[in-house]
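Below you'll find the structures, each written out as structure tokens.
Shared between the two complexes below is chain A, which has chain B as its partner in the first and chain C in the second.
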Partner chain A sequence: MNTRRLLVVITIILAPWLGSQTIAQVEQVDLGVDGLACPFCSYGLEKKLNEIKGVDEVSIYIDKGIASIKGNKGESIDVDQLDPVVKDAGFTTREISVVAVGKITMSEGRPVLLANDNNTNFILKSNEALEKLLNQLAGAERSVRVVGTLMNEMPQNHKGHPYTLTIREFTL
Partner chain B sequence: MKIHRFAFTCLLATSFLTTSGCEPRTLTSIEFVSQWGTMGSAPGELKEPIGVALDTEGRVYVADAGNSRIQKFTADGRFLAQWGTQGSSTGELDRPIHLAVNSKGLVHVPEYGNDRVQVFDENGVFQFSWGTKGKDQGEFDAPGAVDFDGNDHTLVTDFYNHRIQVFDENGNAISQFGTKGHDPGQLHYPTDVAVDGNGNFIVADAYNHRIQRFDPTGKFLQVWGRQGKKQGEFEVANAVALDAAQRVYVVDFDNHRVQVFDDSGKFALEFGSKGNAAGQFNHPTDIAIDSDGTIYIADWGNNRIQKFRIAER
Partner chain C sequence: MRKTVFILLIGALLFCLAASEGFAQGPPINTDSPIVLGLSGRAVRTFGKLIRIPSLRQDGEKITDPDDSKVTVWVTPLAIPYNVTDRLQVAGIFPFVNASLRTRTQRLSNFGLSDIQFFAKYVWYQADGKNKTFRIASRVDLKLPTSDEKETPALGTGSTDFAFSTVAGWIENRVGVYLEGGYGLNTSNGGVNYGNSFLYNLALGYRVVPVVYETYPSPQLNAFLELNGNTTARSAVNALENPNSGGTTIYLSPGLQYIGGRLWLVEGSFQYPIVNNPNGTQLATAWTASLGVRLLLY
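Showing the complex of A and B:
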């Protein structure tokens, strides 16, 4: 589906829902991690990820090198803890994919997803057409569901600063 | 499975008797005998079998990590019993990653996920447990393996705390040794420990890709191995056991093989290669050796147990 068409579809779907609200949260995180072949390591990573606030279930896909994390219902996975935990488990994060639900707002001219209640917001990166839609949504008070990729490397002392999320999928 | 008592008896015998039957014999080969296990969760099936141990009757216990249970088999792989389900309550298991049976027949199971050691009788009836998450003595951060010294003290590798802890047979902390590092005597994610015929501790220093030997007080004695694929090198040395002749068998995880060394650390032979045919391995994780020279390997990636025999002359 090309971008213009996607924009039209999303706008049509959006219309009836303007004005409604939901609780924002990070529902799922898929971590791309190298070196998961060793069970002592992968079970260890599983154990450490399970200790993160908001995590309900961790599944390790050894063959794909992915740790998939699902959040507790109604609770947000604390994204700030991911990178320290991965490092503590002896790994380096390759890629972080996030499924987040929240409201769009504008900050310094950029669309931002208010993703949870602990100030872990996401600056949304997308193509020009989708950004126009995001600008429209900014005032709509409508919850959106975004699947995107976080920047490859978490910055140090990230707390309180927004992450950048490159949108791969976007639903209302 | 550690056979230090037998070995110790042998050592004593050879000190006084030249015709004791314990004279040094030359290891000629390791011969494949049989295998069992297919991927699944039904009784007798296995999902990520990561630990293997033997009792004094030669029965085989398997830490079936992917199924959160312990299974018990005869020496030829016939299913006998199972226990454990996923959880953190008494008798439940969260990533049982290893196991060992002490002289009283009690099955000790370290749990990665629950940071404790649970003890069961041979039928899987819960007896007692110890350990909580932490860094202090008596606490664990991913206990990885257990073994026993000649006094039935329990040795536990403490993976994320980079140390070995020693407990009495009731689980009371006695001592500990090891700090994180790469120097001789330091540890980097230890995954297994065995006790030799002199009561010294041999540690699989997994992510230093080497084997270290310590005396019972934790004093460093010996080290061998480094990262690599050649003989005497390892890609994650993650399990260790001794045979009756005090040879040291090291499971070389990412090289899909087992290497055998004499008690000085000199390479003797290797067996196994990557694959799923008889005698091949896909990321082996543990080894148990009986006093009659029978070897059991937890072939983790192939979801099976393989049985071998030591050939000597």
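Showing the complex of A and C:
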């Protein structure tokens, strides 16, 4: 009985943290890399991408110029490290396409996809897909999986994450 | 005098190797590359290069050698690079040389470490696109007089020499083009003032297989066709110009390179001189052949 009570207490204490781990994360990244013309130059890129926090598996598709990154289960890929790592490996980032799970909330009057640590949030760029998503949510806080493109641009006075996210597809 | 001639000969050979072809750190086999990544720069490289010098030439024409002198040089350099940043690379090159001289009357040979060389290479221009890149790098070489140049055949020149070169490389899908030019500033030792050199290399690379490179790493076979040239000014012995020194050699160098995985490649190249004009009367190179590996250790 005491053990059961202890487990309940631990669960209550960890619940917010456990919950946030499951509601928002960058699960997958397709990283467009320019300069990937010589396959024998790719070793450093693969190695450095594998060292990024949250990365489980890296596949480099030379003909497409893409490094496809899968995240560890339950962990978010640290997208802040992607561009510096690509540059450090001797290449140029073309685009960052992500599959991310999170909650849509409003921050400083803008819709954001809130990530697990409340610091990693992507400001959502206004487009048709976002309007459709907001309409379907109708103000409800629900978990949403989105596929979109990250752009490294910081709106004025915004103190959060430096990326904006343009949603292409979503599922509720 | 004969000793001076062989010091000049071996010195010129090693300079040409050091400054360009032999110690190139690029995906082309004998030409340098502005890409300092992966197997194209970060790999430890070694190879064996056989240089056959079997005939005497006078003003570029083959003549009968009364001594029937033949020189064979086997060079095995070990190049160890270190990337300070993604654009700056430094390296040490440790060439082991086995030089043998055979005439009608004598056979001489010498083996050991030749002049150690260091270089720094900086990529100062980079334009990347999807499946293509264009980069330019400049390189400074320093060759130290670490070898035994007192014996015959000498293993180096005993002089401290410098080289400055720039290489541009463009790669798109299956094709790569590399162009390199450089200048060697040679100093003197033991009364011999070594002539300065120009080097000029052009390399065309083509990925034979796979036709479409999908997932890294995949086995890859590259073919190269290179032109490797150098023109060396006459040397001076005790302030007198030696008419039988320096000259121009341009090699046509076909080669193959097989990349078997992330960490290694093997490559081979044959060099045939299409321009073979040593100044005055000198022994001239008939051909060279090399076989080597590169290993990515970090």
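Criterion: the second predicted complex is superposed on the first by the 127 of 172 C-alpha atoms of A that agree within 3 Å, B and C clash if a C-alpha of one lies under 4 Å from a C-alpha of the other, contacts with A are read in each partner's own complex, and residues count from 1 in each chain.
Criterion: a residue touches a chain if its C-beta (ideal position, glycine included) is under 8 Å from a C-beta of that chain, and two chains touch if they have at least 3 such contacts.
Bear in mind the structure is a predicted one, so any value in this text is a computation, not a measurement.
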item	value
Superposed partners chain B and chain C on chain A - clash or fit	clash
First (chain B), second (chain C), both or neither touched by A:C38	both
Touching partner for A:N50 - first (chain B), second (chain C), both, neither	first
Partner touching more residues of chain A, whether chain B or chain C	C
First (chain B), second (chain C), both or neither touched by A:M106	neither
Touched partner set for A:G90, first chain B, second chain C, both or neither	both
Superposed model, chain C segment overlapping chain B, candidates 2-10, 20-28, 56-64 or 236-244	20-28
Residues of chain A that lie at the interface with chain B and also at the interface with chain C	37-40, 43-44, 46, 88-90
Chain A-touching residues of chain C, taken from the complex the two chains share	27, 35-42, 86-87, 123, 126, 128-133, 171-173, 176, 212-218, 220, 259, 262-263, 265, 296
Residue ranges of chain B in contact with chain A within the complex	48, 50, 65, 95, 97, 112-113, 142, 144, 159-160, 189, 191, 206-207, 236, 238, 253-254, 283, 285, 300
Chain C-facing residues of chain A, complex	32, 34-44, 46, 59-63, 65, 87-92, 94
Complex contacts: residues of chain A adjacent to chain B	37-40, 43-44, 46-47, 50, 88-90
